[in-house]
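Multiple structures are listed underneath, in structure tokens.
Two complexes, one shared chain (chain A), two partners (chain B, chain C).
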Partner chain A sequence: MKFQKSTLENYLFILPAVVIFSIFYIYPFYETFNLSLHNWNGISASRVFVGLRNFKEVFFQDRHWWPAMGHAGYITLIALTFQNALALILAMACDRQIRLGKFYRLVFFIPPVLSEVVVALIWKWIFEPNYGLLNFWLANLGLHNLAREWLSRPETALSCVALIHSWKGFGWGFIILLAGLQTIPQQLYEAARVDGANSWRRFRHVTIPLMIPVFVLVSILTILGSMQAFVLVYQMTAATPALGTTVPVTRILNAMREVQPPRFGFACAQGVVFGLILVILSFLQLRLSKKMRQA
Partner chain B sequence: MDSERLKYQFRNFSIGSLLNLFLLLVAASCLFPLFWTFSTSLKTQSQVFSDMSLIPKAFHWENYYLAWTEGSFGVYFLNSVLYTICTVIGIVLVSSLAAYAFSRLKFPGRNLFFFMFLAAMMIPLPGSFVPLYIVMKKLHLLNTPQGYVLCMINVGLSLSIFLLKTFFDKMPTDLEDAARIDGCSKLGIWWNVALPLARPALAVIVIFNSLTVWNEYILALIIFDDTRFMPLQVGLSTFHGEFVTQYPLLMAGIIITVIPILLIYILLQKHIVKGLTAGAVVG
Partner chain C sequence: MASRNRFFVKEVGIGLLFIVVIVSLIGAITGCARAPQQKQADVVIWHWMTDRKNAFSELAARYEQETGRKVEFKLFAPSGVYTQKIQAATQAGTLPDIFGVLGEKEGFAIFIKSGHILNLDDAMQANNNEWQDKFFSKALIVNKFEKHNEFDVPPGIYGVPLDVSNIQMLYNKDLFRQAGLDPENQPRTFDEFIDAAKKLKQAGIQGLVSGWAETWMINCLASNFAFNIMGERKVMDTFRGKVPYTDADWIEVFNLFKRMADEGVLAKGIVAMNNKDAEQNFANGRAAFAFNGSWCVNVYKGMDPNLNYTAMFVPRASQRYPLLIWGGAGSSLMINARSKNQEQALAFLQWLTDDAQQAYLAEATNNLPANKNSLENISPILAQFAQSMENTTHPNIWPVHEKGPVVEAFNVGLQSVILGTKTPEQVAEEIQEVKVREMAKN
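And then the complex of A and B:
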């Protein structure tokens, strides 16, 4: 009897966490799957069971879904290449004892601590076609013909957003890669130097193999973060199909908030498909890295 | 031989200075947009469209007063402060109770429950804000500060429990044992012994979650219709959308939003980087 009372008391410690978690995470999680099999406008009392029809629509009929995935994929690709290469170069530079090293560490992480809304609004102002700083400077440099409406033309809008996304994100990669580089024992470099390896070979045969787990981590974080990018795209370009700047999250919000009547079931089906794609991507990434380490 | 060495030194030197130049350029790209925002916030609306100078000729500090009052950024600021404080207190209490139980107390299903919180960090499900909206509506929490705070407590819960449990696991139990022998209750030990000892981990959790709540946008967008309740991030975006944008006031609003974050970041850089990277690595 005493044991039971004490066990009960122990459960009380996790009770608040479990209650909040059940209401705001587990139930919505379950409901996402459940609703994805129904048609519902969020208001009427009855939901119509439609089986997998919402999923069929996401995969085969919706004109906007796969382009949106493509746009997110493009942003991700830029982040994986440009952003992470930049982060690696900067991390390798700061790994040595250089002047202003602490200053750089402080400054490179400023964009990540700013909110996406703030970053979007600041850059939107710089990109502003008539009074923005970018076009003004281009004109001053005599490059009038390069000045354009950066964020309201389909040719440039998505690339500008991808660039700013990378600007906001490279600090993450920088910090994580730098931490990884600093765990590599200096003796390994010394030994390679004694064996006559030049700096490229030291990089190729010491740094890269030891950093593979860190590269994988950074890549997974980049993929998950960039595929879900939303606020920047939405704030900078309003994420319209005409501009070619829709992303999966804006499609989900569109079905939930902007379509009349709202299509909650369809929004959930999109959410399920998107969530699965993200999970599959990060598993593939992990698998690939294991193979690379064995090779 | 000598010329060889000279050549080598020259090459090293030029690579070094190129690298330094590059680092400085990137650092400038991080700082300049904020500087330009600040500069714009001190101009008048007409100067904004005519005078592109980096340092304005006259400093119109009254823009900050106008942004605070007419731009409602004062209201948004206080809302953000309130939500941040309430959420962080909630997270600290709820997550430390749970983490303490997961680390110290025995009960059936302990690992299962802990795994449940852990799994939540691994699975991204952006679609779940649809049902979240429905739950909030059912519980009459839409458009209420307490609804938003509860939601944000949930957002920070998993990572905080994880970080605190890891910390408790490494912490020696001597003091807690002594307190137990002295007849202290479990709750008393948690509050009087475990929490004070966990201060370093709590600092990371407080700072990390403050940043998250302060910068959060999407849930606030979904939950609040009423401008009275909006936090800064939503306030900024609605201000931008209305009529002709008052750029100086918008930029002043951005600076008002950014200053607390920058101050905390500069003062507590180590904790923030630790918290954010832990958050990223686990999440």
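And then the complex of A and C:
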């Protein structure tokens, strides 16, 4: 009796959390999966059950889906390498006692807090082929040959977006990496120095091993954020497959809004596939980091 | 045991109190705890027409003054946001008394078949078609479903057109002069158009600008050329699957875009340009030609009231068939079939489309009125657009429609042709491949 009452108490205490979690997480996920098995235009009261046909179309028939995954992968690759390397270098610089250190921290964190739409509009203006600043500077420097239609040519559009995405996002990595660097006890560096370790060896054998959990966190956040890149791509290049800038989120939006009549079931199937890919990527990343730590 | 029970009761009490506080807070934030309000509207209208916001408010005030009935216009913009709002409201059962349906006729049909839109036949045909006869036939036809239509919608009129529009070419007269061209002698054929654009290019002036990142606009020009080159019947037969996209006539259509790209006629960045940017480019004199709808008159006026431009019919690519441009009802409003205020909604729409109100809307917003008796005070440039209304067509009045994935392949293919990444023949093959796949689904 005593056990039952205490159990009931416990259930009552977690009930609000369970209810909220069920309403806002489990039910939407269930509904998304359920919709992915149907054809539905978003208006009609009835839906037509089609089984796994939408998934078959995503995997084997939609000629734009896998290229879109590839484009998101490219943006992610640039973010994982260029963006995070930049964030690490700047975090290490600010971790030292340098002049105006706090000012730099503030400046480096400005891009992430700016609205993505504003960032996209500013950079779109800079890249504008006729009157943009970039082509203007190139012309003034005598580099006319390098001037081009940056955002409206398939050769350059995706790379430009990837670089701006990295510029916009490096501030998050910078803050997290800086916080991680500041948790490393200074005694470890001093001991390494006494043992004759130079800067590279201190970085290689002290900083990197202790920063692995932070690298993992930053990498997972970067992968999740970059794979879901949308606003910059859409605003800067209209995310058209012809330019090679379409990404999974724009494909999902396309199925829901651009195609007539809207294909909500197909869009949900794309969403489920995309979500599963992100989950798999995150698990792979976690396993890799565990192995690295053990090594 | 007793103390434990007291503890249990106390904890549960605190928990319940917590829930009550949270629920009250949510209620207060979302407006359940209503403050004393002004008079509730008799008719609520949702719309997306940012440029008509002030004019609608003025008309609502006039209507209230005349009849004592309050009408509330609620703006949800841009159009993508509006569409989502409408879709969500259909699911939640919260559609307003009057709303508009954006998109193609198939989407419109879905709303009707789901019981969201009122059939207006009785009102339109009352008093010997009094209301119906006020409108341009082209404006009404997009809101009408004929017998045995492909969507199985019961025949009838389901929407009230507010204005009409069509999509044409425009050119900047000053830039024409600057390039040594006669601004009164507009290009009438595709070859003349290319020649004019080449002369403009030699003078350092860009040729054609349009928002071709919004792919329906590129589709619009392509279908103008398709009607001209192969005729309406062959276009419809293509949609029916009887003529392949690899047909020589379609290749000819795609080649027109290749030629425009190869000759440097198109403005830089046109494939990634939305129409707002394109309008800005034309209004700022950065391009001599624009491909845009009659709504542009108001837009250009806002951007540069002194812009010296005129409208021209899309240049003919062939003498074989008539060239038809896209046109018809610009914006239409529908009455919610489940609204409790249907009669009042109907009365307001009849008042809104009456001669005086339509003339005011045309003057205030520079749009072509749907009421044919309200054309007296429109601007000369709008009058030019009005003259072309007889030569318009629109996907919403076509007997058959192409499937969404095929339309996407078509539009993306045209963009690829402009970018030079694919040949017209490759694009034709790709579209046909998607077409065959979609036909197999039936």
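Some notes on this structure:
The working rule: the second predicted complex is superposed on the first by the 268 of 295 C-alpha atoms of A that agree within 3 Å, B and C clash if a C-alpha of one lies under 4 Å from a C-alpha of the other, contacts with A are read in each partner's own complex, and residues count from 1 in each chain.
Here is the rule we use: a contact is a pair of C-beta atoms (placed from the backbone, for glycine too) under 8 Å apart; a residue touches a chain by one contact, two chains touch by 3 or more.
All values reported here derive from a predicted model rather than from experimental measurement.
After alignment on the shared chain A, the placement of chain B and chain C results in a clash. When the two structures are aligned on the shared chain, A:L151 is found in touch with chain C, with no touch to chain B. Contacts of A:L278 after superposition on the shared chain: chain B is touched, whereas chain C is not.
When the two structures are aligned on the shared chain, A:G42 is found in touch with chain B and with chain C. Contact with chain C, but none with chain B, is seen for A:P129 once the two complexes are overlaid on the shared chain.
After overlaying the two complexes on the shared chain, residue contacts for A:L243 are found with chain C alone; chain B is out of touch.
Looking at the shared chain after the overlay, A:G73 reaches neither chain B nor chain C. Touch criterion met: A:E9 reaches chain B and chain C at once. Contacts of A:P261 after superposition: chain C is touched, whereas chain B is not reached. For chain A, the partner with contacts to more residues, out of chain B and chain C, is B. By the touch criterion stated above, A:W167 is placed in contact with chain B alone, chain C being left untouched.
The superposed model built on chain A shows that, among 273-281, 291-299, 399-407 or 417-425, the segment of chain C colliding with chain B is 273-281.
Within chain A, the residues touched by chain B in the first complex and by chain C in the second are 9, 13, 16, 42, 130-131. Note for the complex: chain A touches chain B at residues 7, 9-11, 13-14, 16-18, 20-21, 23-29, 31-32, 35-36, 42, 86, 89-90, 93-94, 98-100, 103-118, 121-126, 130-131, 133, 136, 167, 171-172, 175-176, 179, 217, 221, 224, 228, 230-231, 235, 248-249, 252, 256, 264, 267-268, 270-272, 274-275, 278-279. For chain C in complex with chain A, the touching residues are 4, 8, 11-12, 15, 18-19, 80, 83-84, 87, 90, 103-104, 106-107, 110-111, 113-114, 116, 206, 213-215, 268-274, 286, 404-405, 407-408, 412-413, 415-416, 419, 421, 430, 434, 437.
Contact residues of chain B toward chain A in the complex are 19-20, 22-23, 26-27, 29-31, 33-34, 36-37, 40, 48-49, 52, 93-95, 97-98, 100-102, 105-108, 113, 116-117, 120, 123-135, 139, 150-151, 153-154, 157-158, 161, 186, 190, 211, 214-218, 233, 236-237, 240, 247, 250-251, 254, 257-258, 261-262, 265-266, 269, 272-273, 276-277, 280-281. Of all the residues in chain A, the ones that touch chain C in their complex are 5, 9, 12-13, 16, 41-45, 61, 63-64, 128-131, 149, 151-154, 157, 236-238, 240-243, 254, 257-263.
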